[in-house]
Amino acid sequence: MAITRYILQIHCPDQKGLIAGTTQVLAKAGANIIDLTQHTAKDIGTFFLRAVFECEPEAAEEVSRHLESIGPHLSLTWKLHDTTKVKRLAIFVSKTDHCLYDLLLKHRDGDLPCEFSCIVSNHTELGPVGGTFGVPFYYVPSTQEKSVSENRFREIIQETKTDGIILARYMQILSAAFTEEFKYKVVNIHHGFLPAFKGAKPYHQAWHKGVKIIGATAHFATEDLDQGPIICQDVQRVPETASIDELVELGKDIEKRTLSTAVKLWLEHRVFVYEGRTFIL
Amino acid sequence: MAITRYILQIHCPDQKGLIAGTTQVLAKAGANIIDLTQHTAKDIGTFFLRAVFECEPEAAEEVSRHLESIGPHLSLTWKLHDTTKVKRLAIFVSKTDHCLYDLLLKHRDGDLPCEFSCIVSNHTELGPVGGTFGVPFYYVPSTQEKSVSENRFREIIQETKTDGIILARYMQILSAAFTEEFKYKVVNIHHGFLPAFKGAKPYHQAWHKGVKIIGATAHFATEDLDQGPIICQDVQRVPETASIDELVELGKDIEKRTLSTAVKLWLEHRVFVYEGRTFIL
Amino acid sequence: MAITRYILQIHCPDQKGLIAGTTQVLAKAGANIIDLTQHTAKDIGTFFLRAVFECEPEAAEEVSRHLESIGPHLSLTWKLHDTTKVKRLAIFVSKTDHCLYDLLLKHRDGDLPCEFSCIVSNHTELGPVGGTFGVPFYYVPSTQEKSVSENRFREIIQETKTDGIILARYMQILSAAFTEEFKYKVVNIHHGFLPAFKGAKPYHQAWHKGVKIIGATAHFATEDLDQGPIICQDVQRVPETASIDELVELGKDIEKRTLSTAVKLWLEHRVFVYEGRTFIL
Amino acid sequence: MAITRYILQIHCPDQKGLIAGTTQVLAKAGANIIDLTQHTAKDIGTFFLRAVFECEPEAAEEVSRHLESIGPHLSLTWKLHDTTKVKRLAIFVSKTDHCLYDLLLKHRDGDLPCEFSCIVSNHTELGPVGGTFGVPFYYVPSTQEKSVSENRFREIIQETKTDGIILARYMQILSAAFTEEFKYKVVNIHHGFLPAFKGAKPYHQAWHKGVKIIGATAHFATEDLDQGPIICQDVQRVPETASIDELVELGKDIEKRTLSTAVKLWLEHRVFVYEGRTFIL
C-alpha cells in the first residue's frame, strides 16, 4: 500500500501527558512523524497540536479509531486530514482583480496546495482571466434576490465539487444562513486593519483619522462579516502625503499578499479556531 | 545681532502661488531658507507648509508683520517658532518607567530638543529616577479629588515654567477642562493601535481578538482620551504563541519608541493638526 | 495654449538662497507650483530640489532659458520633464513572471504613468502574457553572442521608441558597453538585500548564513550589476523553519513590490543619482 | 523532592522516529512535557528539538542517562538545562549606554531570566549606572596590552561566577584565544545589518551606499568578529533625508531591542548553532 502524508489537528483542555500520549498513538500505528508543533495557550488553559506524519492508509485508520476511543475522555476536538485529497476552492470576485491574479499566479507556481474549482463573479469583466488560467467562470448577477444568487452558489458548489470559498474582493454581503452553512469554509479579505476600520471604505476612514499605518485582514466570513476569526494581517506605513486614492492603491499590495498567505495557512491545516479567534501553528 | 533659526508653520485653503508667495516674504526679509516642506492634501483642498530659516530677530519680526497683514486675505493659520526658546516639558508617570527612561536617555543623547521641567507622578516609586537625571520630582496623589490634583498640576506648571506635558504611561484620566486648557500641549501614549483598541487593557482585547499585529499610538490628549489626533504609530507582529503577559512586554518597546518619536516630531514643529487629524511634515 | 504639468529636478552645491531663487524663477515665468520638495544632504553639502508646476509650454521654455543662464554660475545640474511626454519602457524577462504580471496589472490600474513599448525575453514562455495585455513580445535568444543580442536590443529599442528598460528578473548579464550606453535608464531587481548578498542565488547565501530578514533591491543597472545606485528596498522577516525553496517563494512578493515601487518613483522623477547613491524626493 | 523545570535541546541527523523516541524517553521518566518544538531543516537533513518539561531531579538524571546511552547510536548532540540554575551574565560596555539601560530595565521588569554578575568597561563613565541598579562595576582600561586586559576579564569572570558575556556596544575587539575559550558564550551587538556592513562605522557605509533600510545584528562573537552565527536581526526604513548622525541615532533603538531579544532567546535555550548559522526554536 502507498505511504500517504496526513495532518492531525487536536485541541483540548490542557492536561498532563498530551504530547507523549499523542506521539505514542502515532508510534503504535507505525506512523513516521515529520513535523509536530504544539502550543498551550495558558491564558485560556487550552492545548493545540498539529502533527504531520506519514503512514499507510490502514495505519491512519488505526490512529482515527484510537483518537475516537480516547477523545471523549480527554475532551479532544480533532481532525485528520489526508493530504492527497486536495481541497477544491472557488474564488469569488467582483471587478477588482489584484487578489485573483495573485492567487492564480501563486497557485501556478505551486505555492498553494489546492485546485481552483471555479471563479464566481457578479460581473462579467474577469471572465477572460478564468480562460487564461483554465478555471471555469460563472456569472451570478447580484441584481437578483440574494437567496436566488445563493441557491445558484449552492448549485455551482455541488457541480464543481467545491470544498471552500475565497472571497477575493467580492463586494457583496453573504447571508447569515449561507455563512453559517459554510462555517470556517469561507475566507474573506477585508481591506482594512480589523478591528479598526469595519464596514465600507476603510481607507477613507483611515485617511480621515490620520492613521500612520494601514493594513488588511484575512478572516473567516461569519454572519457579522467584519468580526470573523482573523487568519492573517499585514500592515504598511502610510506616507504622510498620501491621498485617499494612493492609500487605496497601497492597500492592494497588502490585500493580495495577506489573502494568499491566509489561504496557504488554511490549506496547510495550520489554522485552529477557538473561542472566536484563531491560533496558527 | 545674532543670526537665529526659526521654524514657520502655515496652513490654509489651497490656492495658486502659496509657495512662491511665502518664499518671497522670507527672501524680502533677508532670511536664508534652510529647509522647506510643503504638502497639499487634495482630498480636503488644504495647503501645509513648514519652513526652517535663519535670520536676525528683526528680520523675523518683519516676516511676522508681513504674514499678519496678508494672513486674513489668504485665510492663513500660521505660527513662527524661535528655536532658541527651548520648550520645557513635564513628564507625567505612574509606576511604569520604560517610557520615562527612554525619554530621559534620548534627551541626554541630545536627540530631543527640549528641557524637562519636572516629573509628576501619582506614586512615589519613580522619584529616584528624577534624582539620577537631575529632574525635579513632584508627587501628586490621585486619591484626592481630580480637581484638586489638577489645580496642583497648574501650580507646578507655573512654578516650573512648563510649556507642555508628556503623559508617559500616566494611568489617570485628565478632565475635559484640563485637556481643553492645554489643547495640543499634552502628548499621550496609548498602549494600543488606535482606533482598534480603545479603553483599558488593549493588549488583553487584542489577544482575545487574535490579532496578528499589535501597536502603540502617540496622540494629543483631548476630552475623549483615545480620540485625540494621532502623531505617531508603530506596530509589531505578534508571535502566535504569545501570552497576554508577553504581549504586554512586547508592547513596551513599541510604546517607548513611539512616544519618543512623537515628542521629537512635536518639538521640531513638524506636527499640524487639522480637522481632527495630524499632518506631519 | 494648453496648461501643462512639468517636473523640475535640480541638484547643486549647497548655498544660500537656492529655494527662494528657484521659486522666483518659476513665479516670474507665471508657473503655478503644485508641489515642492527640497533636501540638503549636509554630510556632502549638496542641495536637491524637485518641483512640480503647471504653466503654458512657452513659460516652461522661459524657465529653461533662465536655468541655462544661471546654471553654470551656481553649478546647477537640472532637468525639466514634460509630464505629457509619457515614457515608453521595455520589460526584459526570462521565464519568471511574477514581476512582469505585477507591472502589467499595476499599469492597467493606472498606477504606473508610462507606456510599455515591448516585452523582450530570452525564452518564449511568456509570449502569451504579452498577448493578453496587448504588449508586443520579442524573443531574443541568449544562446548567441552577447553583442549580437544587444544589437538586436538596440534595434528593438529604436523600432518601439523605447526610453528605458525594466529588468524584471531577466537572468542575463548586460555588457558594460550596453549599461553605459543606457546609464540610469535601466532598472534592475536584485533578488537579495544588497549589498549583503551579491551575485547568484542570494536566497541560498542568506539561508546558509542564517539571516533573520531577507530583502530585495531595485537599482539602476551599471557595469558591476549588483553595485548600481539603489532606488528601493524592502524586507521581510524569515520564518525560522523556512527552507531555501520557501525563502525563494517568500522573496517573490518582496521582489515584485520593490520593483514596481522603484519604477513608479523613477517615472515620477523622484530619483536623483549623486556620488553613487540615490536621493529620493 | 521538588518538581523542577528543565529544557532539553537536541540536534542530530534526521531519521525516522526521533520525536516519538524522545517523548517516550521523557514519558518513561515520568516527566510532564510543557512545550515541545521541533524542526527538520530538510536542506541539510538535520533535526532540531527543544522540549520544556517538569519532573523531579532524579527523573531528569534518568533522562540524561537514557540520552547518553542512545546518543552515540543516533549521533545526538544534546544538552539538558536546569532552569533553576540561573545564568550569571557580565555586561561589557564602553561609553554608550542605550543597550546597557535596556538590558537592566528589562531585567528588572522580569523579562530576562538571568542575573547580571557585573558590568565591565574600558571607561569609567558608566560606573554610576551599575550603582543605581546594584550591579558591581569593573574598570579594565583598554590602554594596556590586550592579553593583560583579557587575563583581568578571566579573573573577574571567576570572582563573579560569570557564565556568559554580553557585549553591549563594547568597542574593543576580543582576541581569537578569548572568543574561542568562551565559544557561544559571548553575545555581541553589531550596529549594522550583517553581512552587509561589516567593520567599523556601518551607518556611514550604509549612508554612502544609499541603502533604504538599516538594521542591527546580534550574534555570537567569534574570532572573525562580524562573522559569528546570527541570533537576531531587526531593521528600520531610512528616511530619505536622514543624515549620517540621524542614522546613528535611529540605529540605537534597533540595536537595543535586537540585543535584548537575542539575550532572551539565548537564556531560554532557544538558540541552536549548527554549521555556522543558528536555528531558533
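Labels for the chains are A, B, C and D, by order of writing; each one numbers its residues from 1.
The criterion applied here is as follows: a residue touches a chain if its C-beta (ideal position, glycine included) is under 8 Å from a C-beta of that chain, and two chains touch if they have at least 3 such contacts.
None of the values given here were measured: they were computed from a predicted structure.
Chain centre most remote from that of chain A: B (centre = mean of CA atoms).
Simply put, of A-B and B-C, more C-beta pairs touch at A-B.
Least-squares overlay of CA atoms from chain A onto chain C yields a rotation of 180° to the nearest 5. Computed from the mean C-alpha positions, the centre of chain B lies at a distance of 37 Å from the centre of chain C.
Separating the centre of chain A from that of chain B, both taken as means of CA atoms, is a distance of 41 Å. Multi-chain contact residues of chain C, defined as those touching 2 or more other chains: 39.
Chain B meets chain C in the complex at residues 16-20, 23-24, 26-27, 32-40, 237. Those residues of chain B lying in contact with chain A across their complex are 39, 41-43, 193-197, 207-213, 215, 229-230, 232-235, 240-241, 243-244, 275-281. On the chain C side of its complex with chain A, the touching residues are 97-98, 101, 105, 109, 111, 128, 132, 249, 252-253, 257.
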